[in-house]
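Can you keep this structure in mind? I'll have questions shortly.
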Amino acid sequence: MVNVLRFGMVGGAVGSFIGHVHRKGASFDEQARLVAGCFSSSYERTLATGEQLGLDKERLYRDHCEMAEKEAAREDGIDYVIICTPNSNHYSAAKAFLQHGIHVVCDKPLTITVEEAQELVQLAEEKGLLFGVTYAFSQCPAVKQAQLMVQNGELGEIQVVMAEYPMGSLAEPVELEQGRIIPWRMVPEHAGISNCVGDIGTHIEHTVSYITGLEIAELCAQLDRFGGPQRALDTNAHILLKYKNGAVGNYWCSQVAIGYDNPLQVRIFGTKGTIEWCQEIPNYLIVRKLGRPPQILARGHTYLYPEVAQMTRLAAGHSEGYYEMFANFYRKFNNALCKQKQGLELTAADLDFPGVRDGLRGVKFIHRCVESSQQGAVWVEFD
Amino acid sequence: MVNVLRFGMVGGAVGSFIGHVHRKGASFDEQARLVAGCFSSSYERTLATGEQLGLDKERLYRDHCEMAEKEAAREDGIDYVIICTPNSNHYSAAKAFLQHGIHVVCDKPLTITVEEAQELVQLAEEKGLLFGVTYAFSQCPAVKQAQLMVQNGELGEIQVVMAEYPMGSLAEPVELEQGRIIPWRMVPEHAGISNCVGDIGTHIEHTVSYITGLEIAELCAQLDRFGGPQRALDTNAHILLKYKNGAVGNYWCSQVAIGYDNPLQVRIFGTKGTIEWCQEIPNYLIVRKLGRPPQILARGHTYLYPEVAQMTRLAAGHSEGYYEMFANFYRKFNNALCKQKQGLELTAADLDFPGVRDGLRGVKFIHRCVESSQQGAVWVEFD
Amino acid sequence: MVNVLRFGMVGGAVGSFIGHVHRKGASFDEQARLVAGCFSSSYERTLATGEQLGLDKERLYRDHCEMAEKEAAREDGIDYVIICTPNSNHYSAAKAFLQHGIHVVCDKPLTITVEEAQELVQLAEEKGLLFGVTYAFSQCPAVKQAQLMVQNGELGEIQVVMAEYPMGSLAEPVELEQGRIIPWRMVPEHAGISNCVGDIGTHIEHTVSYITGLEIAELCAQLDRFGGPQRALDTNAHILLKYKNGAVGNYWCSQVAIGYDNPLQVRIFGTKGTIEWCQEIPNYLIVRKLGRPPQILARGHTYLYPEVAQMTRLAAGHSEGYYEMFANFYRKFNNALCKQKQGLELTAADLDFPGVRDGLRGVKFIHRCVESSQQGAVWVEFD
Amino acid sequence: MVNVLRFGMVGGAVGSFIGHVHRKGASFDEQARLVAGCFSSSYERTLATGEQLGLDKERLYRDHCEMAEKEAAREDGIDYVIICTPNSNHYSAAKAFLQHGIHVVCDKPLTITVEEAQELVQLAEEKGLLFGVTYAFSQCPAVKQAQLMVQNGELGEIQVVMAEYPMGSLAEPVELEQGRIIPWRMVPEHAGISNCVGDIGTHIEHTVSYITGLEIAELCAQLDRFGGPQRALDTNAHILLKYKNGAVGNYWCSQVAIGYDNPLQVRIFGTKGTIEWCQEIPNYLIVRKLGRPPQILARGHTYLYPEVAQMTRLAAGHSEGYYEMFANFYRKFNNALCKQKQGLELTAADLDFPGVRDGLRGVKFIHRCVESSQQGAVWVEFD
């Protein structure tokens, strides 16, 4: 295959949930192949992972700096790197690869500080490198349909946004169990200044932004650390928002919502209609238009926008899920990279995947929420 | 029937939506009979209504003062009055009947001002009269089940409350239609200082309070008048709350949520479990407990608390709805009144219906929301 | 009220589930009033019921013959009788009232034998008396909408019907519990030749017939007596059908379907579209049209047929249920009777409630199912 | 990777829906790699597919006989072949590979005639070769949970089975569109004696059999060719069944059910409980137990049987779909084959995937349905 891209990974050792998802996603459409990695801070784990995945031992690295340098020097070096480590390593890893001219895909949230994110934006843009940030939920076909409906005015002017992401995963003090390692998302050194907003609140922010294009003017956030006094970071957040167009929003994310697995839900209310999407039933989009009965749009039908058809692989009724969202992200990223490698100009349509500026905005969002809450849940300006 | 109570009505002429519901509800279990009324500010409409309902013409009155006075003077005078006029008349009507020693049922919100509500509380308690306020949603059997589960600790300690009441009824500028009378809820003189919070937000406040018993410490409310510049009152509100026990809440009510009819929804999240109820599917209660699959409890089953069985008339699976919620309110009110007339002491269980103090709290809630919003959506103390 | 009709009841003593529903339904719109009764085979129970309902003692009767005779002789005698006894009494009671010129409403199934049902049809038609049979589910507004959609060709030609009525009420051998009275529906002398088909299968037959107008050509039925060897009648039935227009149908009813309360569900598949209605969520109708997303129609909206609006009392989103279905049946029956009493001609629209011929067809359906099953689940002709 | 298996494909050229699904499924867990193929009856299409997938040209074959012979002769020949051609080719292709000692995975229905299927069973068993048949729906984790619940007696004795598979894909006469090729499933030469039962009815049969282990004693089937007189094969079927244990069943499959995509649904009713699964919401299983509220079990939770955990890759709430069902089939098949290649004895647990005897039973099911229907929908014995 002439056009198959080569990628490496930082993080994502075998046994890592999200590492597997990235690997499957990047190669789902047989456009890219894993060839190198620094999968863990433990070189032994990197070696074991590399062996299991059939990689050449000389392309298994002790740290990301070595990897960036050596891969950049190879004739057959990687086209891009996927960074899926704990948050605190994103910045230095991404910077290293960018500096060596290697394109980057990085997990969210992009960095710990706003300044780091700004630096990555500047570096990627100066170097002309592609930089994707894996807010995968927005790559669901139904979300694309939602975005196109908004863009085409089917909902009129947006007035209200309701979005939530309730999980029950930290309802119990899991970190107090004997011998258990505290999940890194709960440790400030690895996760940054927020756990709940940083991990899942940022998905709300991105998905709403992707669908509506609304820009946040101000927000007011109340963060709580439910689950025990030992908790150093938030596990629940309520966020009110005012957007620049005059609309208002209400986001809720929680990790103490018992019985909820992962139902990120976004509802957009406009002057002509309403849409509703939920990540746990991702193949459907509920649409309510003025004076008409609610409709349930389903993936795979010709009544959807043509762009949506390109984001699906199975006939209607054969369910697609989380892997396919990543596959859609990577299909767009791989396509854009192939085109750029051929010296072609990239259009906005080519870049229709979450990028480094989305990553920066996400980091700002986390910081604004924490600032607001620390001051007593007051309104703070976003920019 | 020796024990059949007699009631009168202020407001609720034939053609009035809520008037019919009150009438059916009060007599649903054949415990009370309508015998008098001042159904409208138009005496002609009162006469026409009385005739259609088969009432004695001498018990049809021009105004509520005349009615209170004359009914109080009769041997066979009404036991209680139902007030279902626009909000602005509640206070004077209720006061008139209380002063004449007649028990009162009044629609919500109780009054326009907090002072008026306080005065009614004082008057009713001094006189020893029963005073019900028809927050009917809390009288749904599934809501009672929810309350008992909280009281019995099945959910542990409450940490988060999410509640919403979206409607689409004012999505269009209905008040601008040629020749159309502006709905009184949109007119400050009749509705008071709020439309959306006053009409439906207050239902959220009551239902949550009834289920959880949580007391609001502070709230922060953002009210908007979506639907056109001609609107003098709110049509959408987002309210963040802190309760005295440390829990946080998030209420949303809207009349511009296109495609939504009436789905008041309440979700309560505790340290041991979660419950969810929605008014449009009122016969079911979704329960999620730590480590166990979600359950759907249905009305009419023996796995519910025994008190819940008393609030239902039909076998499981035969749906009950809005009328039956009113019927449950009135069954409790009628029972309490019969017992009081027999000179018996009323217990807390006898008074398990929304009363004048619930009405007062509701009026305070409306005022706090408006105050907060007018100051820029800042936090205000509830008491 | 000049126009208030007077009705009596045979069966339906206080404590009877369906008796209360009939009483509420007949008087729901204040068009008719209960004045006489023979509520039980026990005169004591009849007296107790009459006293509780405030009836005149002289209008409480020992048997239905006495009641028919005496009421027919009174100036202020009943306009119609409601018969809600066990099945085996329907025939003789209905016959007695018809012979005395009194209109009849009777519960389903109409009679035990086909011949009895035919005799009632003949008698009612000869006498020119109204005869309603309370297949109440077809009186739900959403069912009317379904019927009108079929009649107006919105579904094209009907090809397939799927309908089911699963209940779990007889999953356990309740009749073996110490001291428990066997429910009359399980006793051939009271219920006739079928329990499950007779009680709930007949609702399927009627609802499908009401919506589609399809006539059954042949059927093939497999009846089983799950629940223990002591059972003398069926508790589960699968029925395949061929209709005269070439469509095929599949009905299933069961009383051993654990966890199901009462979800009578009907799905109609035509060449242009599909509709789906379920009794447990009665306010909604799901419509699927060729090439378009499924829609959820809700009661109370202007996009429904105008005739549907007349069958509802509450605004959209305020749920209506089982009582309102009976109220709709009785509203039509009461209206028709008033009109007939005024000497006016009744149109087909006036008679749009289940009548004696529907009752006859239902009894035939039960008999054909039992015949087919007894012969080894072979195809039998319907007529 | 030492242990990576090599597979080839017959059928499944690029552009084929199911070909892609098989390819992704077989290699989902990086246990097997495609190395050879005869993807189409057109050698040009085979070459184009091979090139796109990066295969060695010498391993692209003109027909399956050549492929079987040459691959069998290679040192690095394929371990197994995947056959996903139209039905009529399954038999000869499978036979060719078995005769050359190559393991087989074949799409369903296994063959056109019962005799062919019997021959394949005999051949595979004589040769000691693995033979999988891709009834993928049974490989959904929720279906495994259902099976284990039945096996562990959680539902008691099974009494009733309700299963359906409605689709709307042939509601319109798509085969009459100008210039359109008739889908091979509608052509007897390619599809065999049935379209609807053969394509989707057989999925019902397998899924029910996999969950319950019930054996069919007799069945009675009504097949119809809705959709136009030009149709040579069935598009709708109703099937009543009696199982050897005394239970009864009711299967419905349709391709003219407008608005339905792919909701294969299976409900199993036992003396202690009921389960319900639907392919369009595959991550959930609804369980109803005697006297308790219905529960919704979700993939990924510890309350499921441990065997179920092995069939899932993502955390609860991150949806899995159709690809993962195939991946589960192939994971088991690949594991079994690796074990067999190591000379180890295979246990029943190793062979917990649909095999050649399931394929034979499926073909018999199709034939019995057609026989019954042709005789007028009479009861026919299954064996």
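Chains here go by letter, A, B, C and D, matching the order in which they are written, and residues are numbered from 1 within each.
By our rule, a contact is a pair of C-beta atoms (placed from the backbone, for glycine too) under 8 Å apart; a residue touches a chain by one contact, two chains touch by 3 or more.
Quantities reported herein were computed from a predicted structural model and do not represent experimental measurements.
In this assembly, the chain whose C-alpha centre lies farthest from subunit C is A. The chain pair A-C and the chain pair C-D differ in C-beta contact count, and the higher one is C-D. If each chain is reduced to the centroid of its CA atoms, subunit A and subunit D end up 35 Å from each other.
Centroids of subunit A and subunit C (each the mean of its C-alpha atoms) stand 56 Å apart. One finds 44 Å separating the Cα centroids of subunit C and subunit D. In subunit B, the positions touching at least two other chains are 260, 294, 298.
Taken in their complex, subunit A has these residues touching subunit B: 159-160, 162, 164, 168, 171-172, 220, 222, 224, 226, 236, 238, 240, 242, 248, 250, 252, 254, 256-260, 269-274, 288-290, 294, 376-379. Contact residues of subunit D toward subunit A in the complex are 1, 4, 17, 20-21, 24, 28, 30, 52-54, 167, 260-263, 279-283, 298, 300, 313-324. Contacts from subunit A toward subunit C in the complex involve residues 287, 291-298, 301-303.
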